[in-house]
Amino acid sequence: MKPTLQTRLAVEFIGTGLLVTAVIGSGIMAERLSSGNIGLALLANSIATGAALVTLILTFGPISGAHFNPVVSFANALDRGMSWPETLAYIIVQCIGGIIGTALAHAMFGLNMMTFSHHVRSGFPLILSEFVATFGLVAVISGCSKSRPSVIPFAVAAYITSAYWFTASTSFANPAVTLARLFSDTFAGIRPLDVPAFLLAQFAGGLVATLFFRWLQPLEPKSGLSGPPVRLF
Amino acid sequence: MKPTLQTRLAVEFIGTGLLVTAVIGSGIMAERLSSGNIGLALLANSIATGAALVTLILTFGPISGAHFNPVVSFANALDRGMSWPETLAYIIVQCIGGIIGTALAHAMFGLNMMTFSHHVRSGFPLILSEFVATFGLVAVISGCSKSRPSVIPFAVAAYITSAYWFTASTSFANPAVTLARLFSDTFAGIRPLDVPAFLLAQFAGGLVATLFFRWLQPLEPKSGLSGPPVRLF
Amino acid sequence: MKPTLQTRLAVEFIGTGLLVTAVIGSGIMAERLSSGNIGLALLANSIATGAALVTLILTFGPISGAHFNPVVSFANALDRGMSWPETLAYIIVQCIGGIIGTALAHAMFGLNMMTFSHHVRSGFPLILSEFVATFGLVAVISGCSKSRPSVIPFAVAAYITSAYWFTASTSFANPAVTLARLFSDTFAGIRPLDVPAFLLAQFAGGLVATLFFRWLQPLEPKSGLSGPPVRLF
Amino acid sequence: MKPTLQTRLAVEFIGTGLLVTAVIGSGIMAERLSSGNIGLALLANSIATGAALVTLILTFGPISGAHFNPVVSFANALDRGMSWPETLAYIIVQCIGGIIGTALAHAMFGLNMMTFSHHVRSGFPLILSEFVATFGLVAVISGCSKSRPSVIPFAVAAYITSAYWFTASTSFANPAVTLARLFSDTFAGIRPLDVPAFLLAQFAGGLVATLFFRWLQPLEPKSGLSGPPVRLF
């Protein structure tokens, strides 16, 4: 009854792609229509991204778990026995899917399919922001998945809409999305030079959140060494 | 216990009508009040449309399935055994209801009941946008209807609010609504000349999504040849 | 176990009061802060009103049914056997509570507790808007209450947020709130002269919706003549 | 199975901290990007705060109850047998966590970790606003916790988003958050001189709400004198 790996990878590919399309596409539309009012553009961008997330997780979660995020797959491998080869496969298709998503957004708005971004995002405050943003994201998933997994799609969406505003980096919080935004010289883009520090901060935030929740809610001892992968969502 | 066809058609008629009233009415109000800031107008329009959708699907879904969209009825016929004559009847009342909805919105705002739109919406990016928008809509419905149908009203509403922003066409994604917007020379209108390509892209997007989900989640073999129509929502 | 009439009336009083406080208070705040951009003010006002509604219905619904609206109590009397004396008592405390709510909003914003509004709201389009708005509100409640009553708080809130935008009158849709807004010379006010037509349109809309749903979903024959009042929410 | 006091205090600490980070961080971001349009800034701030609240309560509620608010812990002690020493411990970590949250928000936005606010918030209308805001918050929790506790995270979040707009003080409604905002000379700050009256009004509002709901819904007699503390959320 469990979907095949091939099916799940297809869903992670298309889901991450559509997530990036939503992030970048809504950023382009918002910037174009907001007459230079960046606050208004970010409000539209944050609402559109949250709404896309809840939709995509509800739609694809039952098939692949709707990770759409290498940090989430990584946390899943650490905590729930998703095998490392499978985790790696998830991460690879997420990254490729995200880049295709950038191209799709650009095509829908009549831009070149792929361009390097010149949007500077550097400095300690932004790195700290990505650490906090990803810590929070993994905390939300960990906290809800034990007691009330059915609300995860809503909790994740609300979290990201909020974190767009309360972090200085507008909460990328996702390495695959970060890589994909590197190829977009638009509102949502990020200069290639600034990407590595973002990725590092994101994995660090996810790791600390995982360890923190392991302390908060010790896992029951597993019945065997190689339990089956568990759906995160 | 199942509502009669007459009742269901009445509900599809009034539901599609009110949906169009919400789309066009909120567009008029938003444009009038936004002092030329189109970003603000689209934000109000997208939130009002999403909120109307969740309401209408919750209200009328238990009676007719709350398709309110020829592509959705078409996908329902392909995948779930809704008969073709019934599908055709659904589509006809949706289209008529939508046009009445335009007239009602105009009447509430003191405009002529019906005027041809001059709002140009043409070019490859917009056609591609309609394909993507409708692909996504049918994907959301297909994905949720198997595992968690009770969230469909919320997922569809969030999807459309988001897709207003991440597609260049503001996601019509609905042939009946597209026809109805042809008769409105307002914010939400579309020039008659541009309608055929929109309709084609919408049906194509819906068809591809249906086939994609048939591959992702093969249907169980039907127990008989003429199973009863199934509620989509 | 059912709350006493006294308790339920107290809750209808305070709930309608807080609803009016939310409508008028958020209107004052929105107008003050929006630098003359009425679109932005209405966006804040519509979101704040919807959020207040879902909260108030969830909080007080289990005690009194959370009508907070004479048309809703009236529809409840017509369709569900709420006795007419009780209905009248509900309507009276709703109207008084609403007016106190106006005074409370004014006090919080340092205004005179009560002033007659000069906000003109007249003409056929606005009367039609109130008819449509209240038809829709009662339709939402009727449609959801039979199949999925637990979503009513969310459906009603989303409906009103949307209807603020898609009707030309910004959807008062509530006689008690209309009376209360008569005493507020602010963003949300209504000139006393314009109130009677609003009230008439609201009751007419509610009545037509009740009859329409009686046709759509015939009630089961009652087991006796004087069944107990049923909670609408 | 019940989490230890240490675990619960850690969660109250971090949860209140992140709540304050969200309130202050989103205020800074909103003010920076809104080109002087305070209405737009408050809209972003209120949406971000509501979205953070629902997320934090869903994530941490199952562990500590997700009070994050001394008035809520106080009401819990009055009504549900949470012991006074435990209540005091909750309140202390909430206050410290909140202040750390301020520092974290400032660090993410490149500001000094802690500065006294010069934001004047005084006068009877604002004190009344805090009384009303906190009365409402405790009413929402009391009303929902008896009949439908699973909606509390959504009801509280919607309430605060709304109350930002319908009270003149933008609804602090939380002594720990008020203390923390004292250290932030930004959009969300409050001048130290104005804090005591806010705190007093908040506790008074919470107390009146608790007594009002005790009258509305008399508690069942406890089976013993020292029943176990009950989760509020």
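All chains are identified by letter, namely A, B, C and D, in their written order; residue positions are counted from 1 within each chain.
Operating definition for what follows: a residue touches a chain if its C-beta (ideal position, glycine included) is under 8 Å from a C-beta of that chain, and two chains touch if they have at least 3 such contacts.
Treat the numbers as computed from the prediction; the structure is a model and nothing was measured.
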Seminar exercise, completed: Intersection of contact sets, subunit A vs subunit D, gives none
For this session: Between subunit A and subunit B, two touching copies, which fits better, same or different residues at the interface, with half of the numbers shared as the threshold?
Result: different
For this session: Write the angle of the rotation needed to overlay subunit C on subunit D, where the fit uses Cα atoms and the result is rounded to the nearest 5°.
Result: 90
Seminar exercise, completed: When centres are defined as mean Cα positions, the distance from subunit A to subunit B in whole Å is 29
Exercise. Could you state the distance in Å from the CA-based centre of subunit B to that of subunit D?
Worked result: 40
For this session: Provide the list of subunit C residues touching at least two other chains, using ranges where the numbers run on.
Result: 37, 40, 43, 47
Exercise. Mind pulling up the subunit A residues that touch subunit D in the complex?
Worked result: 36-40, 42-43, 46-47, 50, 123-125, 128-129, 132, 136, 139-140, 142-144, 146-148, 151, 154-155, 158-159, 161-162, 164-168, 216-217
Exercise. Tell me, which parts of subunit D touch subunit A in their complex?
Worked result: 3, 7, 10-11, 18, 21-26, 29-30, 33-35, 37, 40-41, 43-45, 47-49, 51-52, 54-55, 58-60, 62-63, 104-105, 107-110, 150, 153, 157
